[in-house]
């Protein structure tokens, strides 16, 4: 992520409006940090709350100008429309059930969109949004941020370059302990939105982390899930939402796979890991030590790829900011998504061709595939593990 | 494995006869090394081949006395019966299809038995053998050797001590690359016995490594598989035997699990790993770095148990020979199974009570559970992933 | 690094001027990214080159306003002095031989200073600068960035809390391979400044990375080097600057230590690692996997501290931005130094007491200690390994 | 360690007598296990105690025949001399101060000798013993067992094959916590022999583990220590023996090195690690995870060698018993020393040429080099860190 192609193309940074993610929100802070990291965006407007006073206070707290801290997305779009220095991009980091509405409004207003995952809660919304993106020709970036890690990208590029040969087997797991406690959510009338199927989506664990695992599998292997046999459920007693999901996968090209996600594995931090095996070797990557990609060839000793290290293919090389041995982490991976999107957006605005390497961020087609995967898993589980095509 | 309780109880080592595993066999050398490790056995008789000359030559090569290198198990049993220094134990390391016959003959001849896994190829044989073991009261030890690792035993004992609380989730995988090559087995009229379903059993991958994974899951978690939904198959084109197997598991007590085994993951060495999560925390163990058991409690930092290190529970402590920081490995884990069995056998012969800690080696009930698991997986896969009870 | 205390105290971000580190410089990009990370600074002015045209072009490239891209530090200080929105802070990322001059100018102009390490090339300059900092009462922050890692800070706080007991032994090594090649520096009339003792300082390896290792040792252990016996030299033939340095250390309180740094270890990336042992246990940390701090107590199993994980003491907890399991890296550690300094500077400007937890960034006393350590090592090496007090 | 060349050459196993290492001794049990591992020795005679009754009881306990449990080495040598099945080899695992006497007696009686390290306590004894070995032409094997690890041997062979180019830098450390406690040794009239300089040698830490580190450095790098500057001492208050030792090294060929050993690092298990860097790359190995050898080339990604894995050179390949991915450990490394010595001894007895690959076990020249290293370190430390040639 060297240089600043946005300033190069536009003579200025992109102007970003945000909705959601006020102070105290993990994901809001992360989105804004990712936007700032490579200096390709200025965060100039936002909707931090639907209550005007809180929206203003929180806007000031994150450094917005007083007159651009709005109390609703329509209000922001209307007001910004009239400004010469209006926002270029809307970034959406609200609960899942509002993604569709805000993204649609923004696209219709001619704004490029960056949107947290899952793209929507329902397949129909995902389909409509994907169509709208196509119709408008605007940039839509879905923050499946794990695809921004340099070594996840190196894995993808090794697959694409044929280093693994034909892919035969894929294992992906995403295991967390954050929802292992029986006190989570706390009893009481107000459940956090994630625990409310109407707001958080039909399957907590699949929406929250399952779509990440599914997307990473597709991103690295280049394969699609053709059929799956799944079981979803809750192991924490009394919980109404899913806290685990397992699936056996049949993938395009005849590969087979295993998928396992849970947020109820007490004590585990954030174990997203993947192994992709082809006829010529296997790659292995774990998010908790993202600075290493293990490449285990059919013939010869295992090798360790590292960011900015020898053997990095162009997409991976572009995704680091520092010389080898100086670890980058989750924020930089998140920023890679933002910065690539910035490059695509700036190119669109400037009317030039973007660097093809900038175009590997997830988009609406990925979001739609994720929603279809969730729907198929729900159906398979309801049907006792029957094989279902997403 | 301190001291030598066998010499203590009997004033001598146990006399061991072996069948199978001639020079050049990986597993034969391992069985004999495991028998020698703690000096509780003398290997004094054997059937290394059904051809008399080869049996003699190979017997001498592994150090047998000339007159005790036999050409068949019946011959050995008959000849040994007449000797005052006759063998106490038969150890079976032949292809899977002969386990049932040899084990039955030995038990009927009053010998204790050590037998390589899987116990038999068919459930009916396993049931019959299990009954015969019960009837004779003799010791039957099945070499699911991974349960001999000190840290696998520590994991089991943490579960039994309640450190994990109620078990909720189990993941086990056993991934190898040894059969990733399309040249394996080589074309030609003589297939290795493992690739012949009649000799190697109905599912190569399940018999070879799947039963290990299943056994380790049961050993550590203390749970049984109640129902499974599975898919078995081959990803290497043209292969007639299974080289991968995946299953979703419903376990006793309501826990859920994921099971994944394959021998076609090019470049992977011998990745048997397991995570067991309970209400109070998770344990994680990998066979390739067996000197570490990760304990991740619900509350507090992760901890690393090591063999002979602090916090080792008695079964784990007993399973090391050296002070902490001096790694033991696969041979010592295998030897733990042999040495525990030796202690049980010597106690039976001496008519004394064995140390209860010696009684954690796998037996015929475990072998039968393994065969039933394989059968259920085959049925579920045939029935399109339907849930089947083993 | 939650919230934005700078905006809280001043109602605005700090205005930062930079000198050095134009586009293409590793360290310049890192300084600016660190400044942006937590949104506590705006980079509004800079001297990117002494050639006016290049200064302007590069200033625009990094997003400076056209009228604030200067061609010298005095020019910048003079011009900024007259602006109502003048810079608050000067950040220095030029070759080592100019640190003293620019820092002195800035302090005398009433600016707080952030300065790359080593603080100066000569002890006398370091002494003078340290006195000037004291006299002005301004904030001086030296970017020994490795002290910004959450787990390095956790180690320090464990020591300070007495968890290790009395410190007895310290090992620190900083091993790189970046200067292993015999073609480095390339032959020719223009040597890179680091290879010129007049510009890069009297010992390349000690100035470049040795001062980092020395500082980290002091930061975590809380001890000072009382005496050392050292050898410095070059193992790459024909090299006129040091590429390795070893020392035995006698530390305050009677502890002993080992120090080893080199840039000629072919293939090694950036292995800065430290072990500190006290009467009650040892901590171990490696920069290449910074998300883990191993705590090995005298009694009980080893434990693994992780950023934002359980057991993090306040200084460590403050130094992460994300929930556990989401790795932060080198840029975030660097940013921690910048953001802490920002908090101290804003408090000074606002006339309020800073959060004591913000005051753990390295300062001029640390820089002076580093220079004295280098001088003592040079003397000891000249005197054949004699013990010398820094 | 495939096959059994001893039986192949002699038609029988070697007959081993042992002195020292009775039941309860860590090192005694390890020597005997190492002797049994590959079935090349029978342990048939021993001196377990100088008290006749205890010698007999302990002899029976380790399985010796009643008439070959002796009460002194001279008695054993005299009695065995008269037997047709007399011992071939004496293995010495007594306190350090008796090694010289027993080894000399055995060699003079025409026995090959296996001896625990350090070879002797004094340089003069080491010189005399080395001469005696040369004069007799018998096999003398010193159990610097860490050189038996397959990956330590792979490192050596990579160096010898030129993969690293010219060696420039060596770091070795051996850090333990076993003597970190202030209660070690316990107060009282009877100190353990290791804490008595007359019995344990002039420097506890150097004799116990320092000679291992020194030997491993020489074994892998192929270099000799030409000069050293050292400091030895005790960090545990009131301790009369050394518990740490550090040295800077000048090695043959101009390489430089760092050496650090201690037994007072509370909580550390058995961290022997080494890095050897040449012009073409570096190897890194740690005893606590011995299954991995990291090879970091100057050009290209790091590689991981594993026992029996791809790229193993012949000496490493010969040093494993199992297919890749099945970890061997400390006992197998120890057994490699014993088994190689057995092959050399059997070849000597049979009057044939041994396999050159069997001749990489440490011998009397290595033991002498170790003693000279210790003496030089003592002198350098006494002389305030002066450079001293061993």
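To keep things simple, chains are lettered A, B, C and D as they appear, and every chain counts its residues starting from 1.
By our rule, contacts are C-beta pairs under 8 Å (C-beta built on N, C-alpha and C of every residue); 3 or more make two chains touch, one makes a residue touch a chain.
Computed from a prediction, not measured in an experiment: that's the story for all the values here.
Relative to chain D, the most remote chain by averaged C-alpha coordinates is A.
Should one ask which of B-D and B-C has more C-beta pairs in contact, the pair is B-D.
Averaged C-alpha coordinates give centres for chain C and chain D that are 43 Å from one another.
The distance from the centre of chain B to the centre of chain D, with each centre set as the mean of the Cα atoms, comes to 34 Å. Rounded to whole angstrom, the centroid-to-centroid distance between chain B and chain C, based on C-alpha atoms, equals 55 Å. Within chain B, the positions touching two or more other chains are listed as 268-269, 295, 302, 306, 309.
Residues 165, 168-169, 171, 173, 175, 177, 180-182, 229-231, 233, 235-236, 244, 246-248, 254-258, 260, 262, 264-269, 275, 277-282, 295-298, 302, 384-387 of chain D touch chain C in their complex. In the complex of the two chains, the chain D residues touching chain B come out as 2-4, 7-8, 13, 23, 26, 29-30, 32-33, 36-39, 60-63, 176, 178, 268-271, 287-291, 306, 309, 321-332. Chain B makes touch with chain C in their complex at residues 295, 299-306, 309-311.
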